[in-house]
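Paired with chain B in one complex and with chain C in the other, chain A is shared by the two complexes that follow.
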Partner chain A sequence: MDETVAEYIRRTVLKIPRDEIKMILQKWGFLSEAQLETINFHQIKDNISQDVVQLCEENSADIKQAAVLDIIYNNIYPNKRIWSVYQMNKTGEETEFFDLTDFKKKFKRLLRSALKNVTINFREYEDNAIWIRIAWGTPYTKPNQYKTSYVVYHSQTPYVFISASVLRSNLPLLCQALVVASNYQDIREMELRSHSLNSLKDIVFKRYSQNFQTYCPRPLTERNVAPETVDLRIIQENRNEKERIQRLNREVFGDGPQPKIEFAQYKLETMFKSDPKMDVLDKKEPFRCLVKFSSPHLLESLKSLAPAGMADAPLSPLLTCIPQKARNYFKIREKKGFLPGSFVSP
Partner chain B sequence: QHNADPQKTAFLLRKQWTLYSVTPLYGFSSAHLKHYARLLSAFTAAEKQKGLAVEVGVELDIKVTVSNIPDLKGSDRDQDAILVQLSLRSSASQKNSEEKLVWSGCFCCVSGDHLSENLPEDFTCLPLFLANGAEGYTSIVGSWFQKTFDCCFRRLAISPLNLSWMAAMWTGCQVDKTTSAMELVFSAPCLPYPLDISYAIHPEDAKALWDTVQKTPGEITQEEVDVFMDCLYSHFHRHFKIHLSATKLVKVSTAIASAHCDGIIKFLQSKYLAGVLTLLTELAISQIQ
Partner chain C sequence: GVFAHLELLEAQAYEAAVKQEEMEQQEEKLARLKARVQELRLQRDKLRAKVDLQQKEQLGKEGAVSNPAQPSARAVLEWKIKSLKAMLQIFYLTGISGKLSKRGVCFCISTAYEGTYLDSYHLDLLTKPEVQIYRHSIPIFIPLQQIAKKYLQTDIRRFLSVLSDHLNAYVGRRYQADQLQEHFSGQIKGALQRNSLCNLLVFNYNVSTESKTFPFNVRLVYGDPCCSLPTKVVISCT
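Entry: the complex of A and B
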């Protein structure tokens, strides 16, 4: 077995939390049950990975099998990477029958015609997701297995999720290969990025509970609330205000859990407006700002701002539109004409 | 303005310094710096022996230097600044062995007359301490100074109020190449999921705003700082409906310098170094009193 393959397998196993190693190796299926029985999964990870490599040596593992193990790891722990969303389009309404074999053939052919040194592996999953792993080389060097890009393509949809890694120069080629292989005409990057692959899918596939813009006739007061045993001496001040905020929040964010994104960025090119009494800046040019929000769970965090008294309810549509518009990078310019103070996001 | 040689103070630039306030040092004399270096060296070696983890195999010598920097002060009434540096030297080959600077600490007082005015003679007033390097070394050096000169070190916290002052002051400074934005970082840690907001304004636009707020050049009032910050808050609110004033301002970054509420500073322009140090000296003195 190649030295580099052995080292790659060893490092991949080391990334896996100890309790999950056996399960992942079973999913991989390259080592037999009997072989797995011989490994002591309670020893330290260093030793476990050495044992695994030993067994892989016996089975003469090559880079193809090692790549599959890597795909499985990234499929189970996708949140270690940052994913961008791309949308493909084509004219013509007919949904063509998707031929997986044809897709794989065309994809490999296009990449290999441009780059001799590239490792390409595919794995299909039950949710119609095709995972593609690409390790990039150069005309003079072998593919670097540690600098890989991942593509997740749901063939029933025009969406592709890409985790490009450091070698962004290969991105145009990758996009071209996807378009050609899937019989689309072009592809564009959406302004939507996150560590949480599932949340990105939720957003573009509209799998989160969306808020409906219809008027909600005060369900809070009409509901049968179980009587709490409270001290009657404690009065809830501003109860109406609190309920109003809750209601507006629900109208704007919906009832269900929010998709998980970690950041949103706004490039503001709007005018600075102030109270004329304050006698401050009155320029005819935009007040240029860059605003970045970050949180382990941004949308839930934003949802909690109004109830915490830190924001008005309803929160600005610039923030609440993130799931519907399927983007978290915005450029905001002043809307000219009828409505002063409203914003346009191109 | 003191005629300082910018070369002597250049070591302060573009490094991250952790700030402390230091109470006056008793029995300190700038005539004995070499002696202090020897004592501190022995102390450091002893602390190492006590069992700080050291790389196995390579015996590392710690060399201590203590020097004074006459250029680092605001007026002649200020004490000379004192610089302490720790370097690692591989004792394998004594001659020509490479020395690697691993830790620096600087005691200074820039325009801090009001503290030193009423002090008895035996006390030396150097209220501001800046440390760069591993926390472990800061701890060792700090302990030695505390024991030897009966002083007390405390981390210098910078309040949102003081950070706003810095934002306003530094925005107004004239910079040759305006490349860095004026950035304010806010934090709302107490939410179910903590939120951080970075609000960066193009330096020309920020300066244009400040120039219309500041009424007298060379003078800044609290009211002007408040108006400046309110303008920025209301511009933000207009877009996002979020009250930045309800969050905590934790960091300010400009082309001049950047400051964090935990008492961490980075100086970026030698032209304004003295000005920032004057402000920090004042904060240190307030914390001591």
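Entry: the complex of A and C
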């Protein structure tokens, strides 16, 4: 077995939390159950990974199997990477019969015709997600297995999720390969980025909870009936206001969990509005400013602002439109910009 | 001296004010209780009158059913709830139901395949200035924009009907593919290749005789997006 492959497998195993190593190796399926039984998963990770490498040596693992292990790891821990969303376009209206074998063939062919030194691996998942792992090399060097890009594509959809990693120079080639292989015409990067791949999928596939008013005979969720500690001596003075805020919040955010994004960025190219007598800026040019909201879970925190009393309800549509507009990077310009107005007011 | 005297007067005035307030409170309470007594008396009279009336009616109706056909309020409410639930169930069974919203209509398209109820999808439409889709939960691979472009403005019934056909066919195909994977996992060799719309299924299986095993490859193409049965089948022996 190639030394580089051994080292790569060793490092991949080291990334996995100790309690999950056995499960992931089982998913990988390269080592038999009997072989896995021989490993002591309670020792320190260094030793576990050495044992694994030894067993892989016995089975003569090559880079392909090692790459599959890497895909499995990234599929289980996708939040370690940052994902961007790309949108593809086409003008035709015929129904697409997405043929997976065809897609893989076209994709590989296009990449390999431009760059001989690439490692390309595919793995399909139950939810129709196709994971593509690409390790990039140069015309003169072998592919660097530690500089990988990941692509997640659901067939017959116009959205591609790419975690490009360091080598952005290969991005145009990657995009072209995707467009050709999936029978689209062009591709553009959306202003939507996050660590949470599933939340990005929720946003563009519209899987997040939108509060639809229908007569669907679902059992009503017991949301209002939570018995508050009824102390009759306490009088809710602001009950009406509280209920108004709850109602508005529910209308905007829905009932379910919000997609998880970590930041929203607003690039302002608007004029600074001040008292002309103050003469703060004698040149009338746009006041360039970047406003960035960041949070471990931005949308949930926005949802809790009004009920916590930290902001007035309703919140600014600039903040609440994020899932519907499927973007978290905005440019706000004067007049014809996104919304008339200069500053974001939560 | 003067100050002490003033303090004394102040204390007296304060006491007097407190007493006055107490008296006023007492009077208020009394008035309230009197009013309450009046209320209760009125209610008692009304109930008495009702009881008298009922007794008279019972005496008057000779040979009538002993229990008057006057259902209790509770029974009426229960009947109303039951018939409402039945109505909602009917809407659900037709597959398309709608509710007027503040700015338009919200439709719910329910799908089913051969007696099994599957997913429901929602469409929030605005009606002013023209009919347009505000938001929806239709899967991204259903050609919603195409169908909307053709029918939404002109014939909304047709729009909903076509969309419902697409959705029902999609869930039907998906359900069949899932069932195939679940019940025939032993016979299928390798993985069942499918796609988001489930309009192309490719799989391999073996047919064994006593002497030989023949590997077969099947390719099911569902050409009609509104149909849950394949339009073309290619079976080859590899």
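Definition applied: the second predicted complex is superposed on the first by the 299 of 346 C-alpha atoms of A that agree within 3 Å, B and C clash if a C-alpha of one lies under 4 Å from a C-alpha of the other, contacts with A are read in each partner's own complex, and residues count from 1 in each chain.
Methods note: a residue touches a chain if its C-beta (ideal position, glycine included) is under 8 Å from a C-beta of that chain, and two chains touch if they have at least 3 such contacts.
This structure is a prediction, so every number in the text was calculated from the model and none was measured.
Ranking chain B and chain C by residues of chain A touched puts B first.
When the shared chain is aligned, chain C comes close enough to touch A:100, but chain B does not.
Look at A:144: by the touch rule set out above, it reaches neither chain B nor chain C. Of the two partner chains, chain B is the only one touched by A:293; chain C is not. Once chain A of one complex is fitted onto chain A of the other, the partner contacts of A:79 are absent, as it touches neither chain B nor chain C.
By the touch criterion stated above, A:273 is placed in contact with chain B alone, chain C being left untouched.
Under the contact criterion defined above, no residue of chain A touches both chain B in one complex and chain C in the other.
Listing the residues of chain A that touch chain C in their complex gives 93, 95-101, 124, 128, 154-159, 204-207, 210, 212-217, 324.
Residue ranges on chain B touching chain A, taken from their complex, read 181, 188, 190-202, 205, 208-209, 212-213, 227, 231, 234-236, 238-243, 246-247. Chain A meets chain B in the complex at residues 266, 268, 270, 272-274, 278-283, 286-298, 300-302, 304-305, 308-312, 314-316, 318-319, 332, 341, 343.
Against chain A, the residues of chain C that register as touching in their complex are 85, 88-89, 91-92, 97-99, 101, 106-108, 110, 120, 122, 124, 135-141, 143, 146, 191, 193-197, 199-200, 202, 221, 223, 225.
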